[in-house]
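Both complexes below contain subunit A, partnered by subunit B and then by subunit C.
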Partner chain A sequence: MKSWKRNVVILLTILGLLLPAAPSVFAAEKTVIIGYTASRTGKLNVEGMRQINGLSLWIDQVNAAGGVKLPDGTVVKFAAKDYDDESKKERVQELYTKLISTDKADFLISPYSSGLADAAAVIAQQYNKIMITAGAASDSTYKKGFSLVYQAYTPASRYLTGALDLLGKLDPSAKKVAIIHEKDKFSTDVVNALKAYGETKGYQIALFEGYDSGATDFAPFINKIPPDTQAVMGGGHFADTSTFAKQLFEKGVKAKMVALLVAPPEPKFAELGDAALGVIGASQWQPEAKYSEEGAKKAGVEWFGTSVADFDKTYKAKFKEEPSYHSAGGYVAGLIIEYAIKKSGSTDTAKVKEVLDGMNLMTFYGHLKFDNTPKAHGLQVGHEMVYTQWQKKDGKLVNQIVWPEAAQTAKAINYFPR
Partner chain B sequence: MKSWRQPGFWLPLVIVFLWGGIVLVLRQDTVRETAFTVLMFMALASSLNILLGYTGYVSFGHIVFFGLGGYTGFYLISEQGWPLLPAALAGGALSGVIALLVGLAVLRLRGAYFALATIGINEAARAFVSNFGPFGGATGLFVNFSAYEKYGGAGQALWTTFTFLWITTLAVLVVSYLVKHSRFGLGLQAIREDEDAAMVMGVQAPRAKTITYVISAFFPGIIGTLYFFKNGNVEPGDAFQLHMSIEMLVMVMLGGMGTVLGPMVGATAYQGLRGYLLTSPIFKDLHLAVAGLILLLIILFVPAGAVGWVRGRLPALRRVLE
Partner chain C sequence: MLGFVYGVAAMGLTLIWGVMTVINLAHGPVIALGMFGTYLLFTHLGLNPYLALVPVAFMGLIAGFVIYGTAVHRVINAPHLSSLLATFAVNMIIIGLGTAIFSTSPQNIDFPLGSLEIGFLTIPYTRLLATLGAVLFTAALYLFLYFTRPGKAIRAVANNRRAAELMGIPSSQVLALSFGLGTMLAAVAGGLIATFFPFTILSGGPYELKSFVICVLGGLGNPLGALLGGLILGGLEGLIPAFMPVSWVPVVEFGLFVLVLLVKPSGLLGAK
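Up next, the complex of A and B:
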């Protein structure tokens, strides 16, 4: 009988000792669902798939590191729920409603492209859910009165303006710029802002012409470029921009700079051979980017998340492909949510929103800061584009970062004379 | 023959009325969104059927009326501050007027020539809107999120839009039945079988075809306005998608062209199938391939469409399945 009593006392003592540590041993775990639709099929599937890869890498890493611990001891882990939107708008609202109502998504990531993201934003806002947009570059999305939509990409209005700054450095006497662009929402937004910026800088926009999506013959536009033009800018998406670059070369355009959208940062662009040489492209991120914790410290900005080298290495190891800026965009969309949950200590929309509104962060993807005024709420104001240029190194074409100067891997060269 | 005494008149109306009513009573957002997609295509396919099914004229570019009407209605809402209902009706009216003008020219063409001309009209409209300043050119138009406040917030605005779409669908079905069973509709069916013979018998083919074209263009204009208002923005790329035109044709063929019930069945089956495959854990990566295979099998083995097949097999049901 005595031994029975003794056993109870020992058991109670052990339990008593364990109790204070209980929260850490039996901590509640919560799975936060990140919902999104992506272009798994359709015309934007390359960009869409890269984005999915980036996000899934982030989920793997954050969960492997034990998730995010909230002050109340809850451990937050992440899971994704996604549907294919076929790069079309018809079902975007239906799928986002399903993600929120049926699949109980806590946070949302936008579909790829501004038109689709706008339709999804109406639903996100209505259900009081935060949505991070990746691949929705148009400024207009953020001028529609949404208060829960945040942009990870540099907006279209600042897509090519840096190229003009670079032109000022390359040739301070340059005066004339020709702009030839695809007539779609994104490219038109980019060049309208470029034109306005150029004019404030004193440049003369000698030609401003748009071509229809899917155009293959650019000769009529190239023939119109005045002979003393120092820079040709514009383009649109991969296929048309590549053909445009090829025809600029074949026609022997004698501009000092050629800066084009979307196509030049893609490794496939090098297949143009000599026509690619000297062409400058605007990219949201490159694996050669030099963003680092030390750099953030120097700039007095908080650093968060993985390093550029680690992202590059783990991405290549998992997906057996080079990461593009779309991959980095997918990863950083998750990283932003992780940071805001960690900082606010909550998964509540209002508290997370408060952190995002005041966020000023440096990551492997670059600087991130959102406009928090009602006029353009959620617009990305911190992140900068990097400008790449195809140059020859040991007889081979390589894509170098030429702007901004802080991130340079090589000095910019003239398109002509070569 | 009074239409309202016929079971064939009531059957489609009762189905859509009850369905929309149940969605409104249930008030579940997911159910509403699914119903919106299906009802939208049902109304679009039924509108196309008024031309395609009754006159036999294949309009490949019928989506142009959805786009132009939608753009007009959306412009009136976003730039002129019109309420949704008059804007949608104005969108429909403009589509009708354009169909009248275009119809006078292209309805003189027959067969493949007419089909090709309608594709050309769609492409021309897209090019025009991409360069038309008041419609925002290539970047399109948008409404500020606060515009939904007038309708009691975004949530309520989506319900209001759904209700308007539901009523529009019912209206399309009524018109489709009335056209089919009128003297005018008999003239159209005579045109479908042999246009020259119909003209000899006294059918004023050019006028009849033009009126039909106007009717079949009016409703897509209204639906376009409702759809773009719900999305909050409109761009040329979304408004004039040729694939939507082709999907409309597929839905009509699938259900049975020339019947009132056919486009309803076709749209429900096609969109229901697409919606299921898109979100099904097993098929979601293969949905396009599976949808294509099922369509191929149906068109190979049931060329008259579902309703046409049943009508052929069970003559007793012909008065019910119009």
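Up next, the complex of A and C:
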């Protein structure tokens, strides 16, 4: 009788010891919801759709690879929940609140464009959720004291300054620059930094004017460009900037360089035909980029995720289109979350935040490192821009990397004379 | 230059108002449909965008009949709010369908014709041709209204519907025809704009707003006034930027608009 009781006690003790370890025996699965709104319609839909494509490719790949395993044995899989924000600010705040409280999103990705991302950042911070911003380059968002918002893009203040360096190389005698830009948050941040940088370099800003978002007639602005201007810079987002480029061409603007925001790196820009020729664009990433695991090793930076060639190949296979930097931005936003969850071994906001604050990472998209000072928390300080130019190769328009020289695939040519 | 094209769009609006006192809020989407009509004919059938204006005009006329028959006819004698809501509904339906079919990505008719250079002035040929097209359509409308039987009937109904009916003019048919003509002009204006600006299904909106301003400026219900209003607006948009920042254009435009309303509320060429 006694031995029977003792046996039960031993059995129960063993069971009791086993119980806490049970999850590792029957691996629990947890689905982390990535919430975001995207501009499926409205004026930002070209860029917005590319970003969604990039992100959904990441979700497919990370889940297919078995998700992320946490130290306690939990397997984290990812699912997306998204709404169409119609490219409108009012919708963004309403929808992000819904994503967090109704859909129980664990992590957030920003909508496309600085204006929309800025509106969403407020909500993320209020509800204590981490948000990776993709397609939101404006510097000012990160100077508002947010502690949970992290930027994947090179900030606006460093967006077009490289084009001025290129101009110095292309035509050392160049003096006059005309800046015509969209009057939104991002473009204004870019050109203000550009103007300041140009003035320190001794350039004369011969024209500095803004146009309303959604403008279609640029003739009044183009007419005001002084005839001896060597470079025209500015633009805004895809729709307006491609129109601007078309009208610059039709009006026969005789500048040596035309460098515009957002639109030129998009493959769709080539539909402008001859008007695209010679136009320089600032790009966050190009499929020709040379970031690699070996490069990361040499630089002493940790490498994570897919390779450039793999991203390019799988993206093309899935969406039957060339990936642009907007696509890469969407993908990398997910990749950052994956990395931080893996490294922290948790999906807890505070632990993931700790990893992000100290992150110094090389990926297919380039170098990523966030400012972790309270003054500009979350601002991207690692990533660099490349400058592309539409050139003719065998009679066809191709987008070449022309700056910085280390990444060059072709030498820059003049916009005029062509 | 653009003034003529604005004028054509505004004439469509003012014709509908003049004949049946209906404010057509579906004007903008019809302008956008004109853009897409030209675009589809150009990209899929390879039709010259200027020749495409003829089928686009015809389709605009048919679209006008359909809109009139389904949405406007029954509310034509009801208070203004009813017809306003009816045309607004049509507006939303077209935009919704258009967004579903074409999405809101900007489309572009790639048909460059080069530019004319006169001294320091550079004018793209597309704009010159659009001006020419607008003038031709205006002239045709004028001839139609003043020298054909249906045209005269339209003017009679606009003048006094009851009297016209007593004279044996079938007013419903005339109303349908005028609505059709109005939307036809909108579609043509859209087709012309599409040759030099990219567009989405939402692009009609700004031109609709301009059309309203132009109509009131020139005198509601007066096609000639609409053309004059269009020229004034187009001229201002070209001239003001030469003297001040471009963002001042709407300030001056609408300032002038308010001034005209104060001094001559019926518009520049409006009836007393």
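Heads up, the rule we're going with is that the second predicted complex is superposed on the first by the 374 of 418 C-alpha atoms of A that agree within 3 Å, B and C clash if a C-alpha of one lies under 4 Å from a C-alpha of the other, contacts with A are read in each partner's own complex, and residues count from 1 in each chain.
Following the convention adopted for this analysis, a residue touches a chain if its C-beta (ideal position, glycine included) is under 8 Å from a C-beta of that chain, and two chains touch if they have at least 3 such contacts.
Values in this document were obtained by computation on a predicted structure and should not be read as measured data.
By the touch criterion defined above, A:G210 reaches both subunit B and subunit C. By the touch criterion defined above, A:N45 reaches subunit C but does not reach subunit B. In the overlay built on the shared chain, the residue A:F146 is in contact with subunit B alone; subunit C does not reach it.
With both structures placed on the common chain, the touch criterion links A:D274 to subunit C but leaves subunit B unconnected. When both complexes are overlaid on chain A, the residue A:E90 reaches subunit B alone and has no touch with subunit C. Shared-chain residue A:A121: touches subunit B; no touch with subunit C. Once chain A of one complex is fitted onto chain A of the other, the partner contacts of A:M257 are absent, as it touches neither subunit B nor subunit C.
In the superposition on chain A, A:A289 makes contact with neither subunit B nor subunit C. In the superposition on chain A, the residues of subunit A contacted by subunit B and by subunit C overlap at 41, 183, 210, 212. Touching subunit A in their complex are the following residues of subunit B: 28-30, 32-34, 36-37, 127, 130-131, 137-140, 142-146, 148, 153-155, 158, 230-233, 235, 237-238, 241, 244, 275, 278-279, 284-285, 287-288. Of all the residues in subunit A, the ones that touch subunit B in their complex are 40-41, 83-84, 86, 88-95, 97-98, 101-102, 115, 118-119, 121-122, 125-126, 138, 140, 144-146, 183-185, 187-189, 210, 212-213. Remark: subunit A residues 41-43, 45-46, 183, 209-212, 214, 216-217, 219-221, 223-224, 227, 238-239, 242-243, 246-247, 249-252, 271-275 touch subunit C in the complex.
The touching residues of subunit C, when paired with subunit A in their complex, are 2, 99, 103-106, 108, 110, 112, 115, 117, 120, 122, 124, 126, 196-200, 203, 206, 237-238, 240-242, 245-247, 249.
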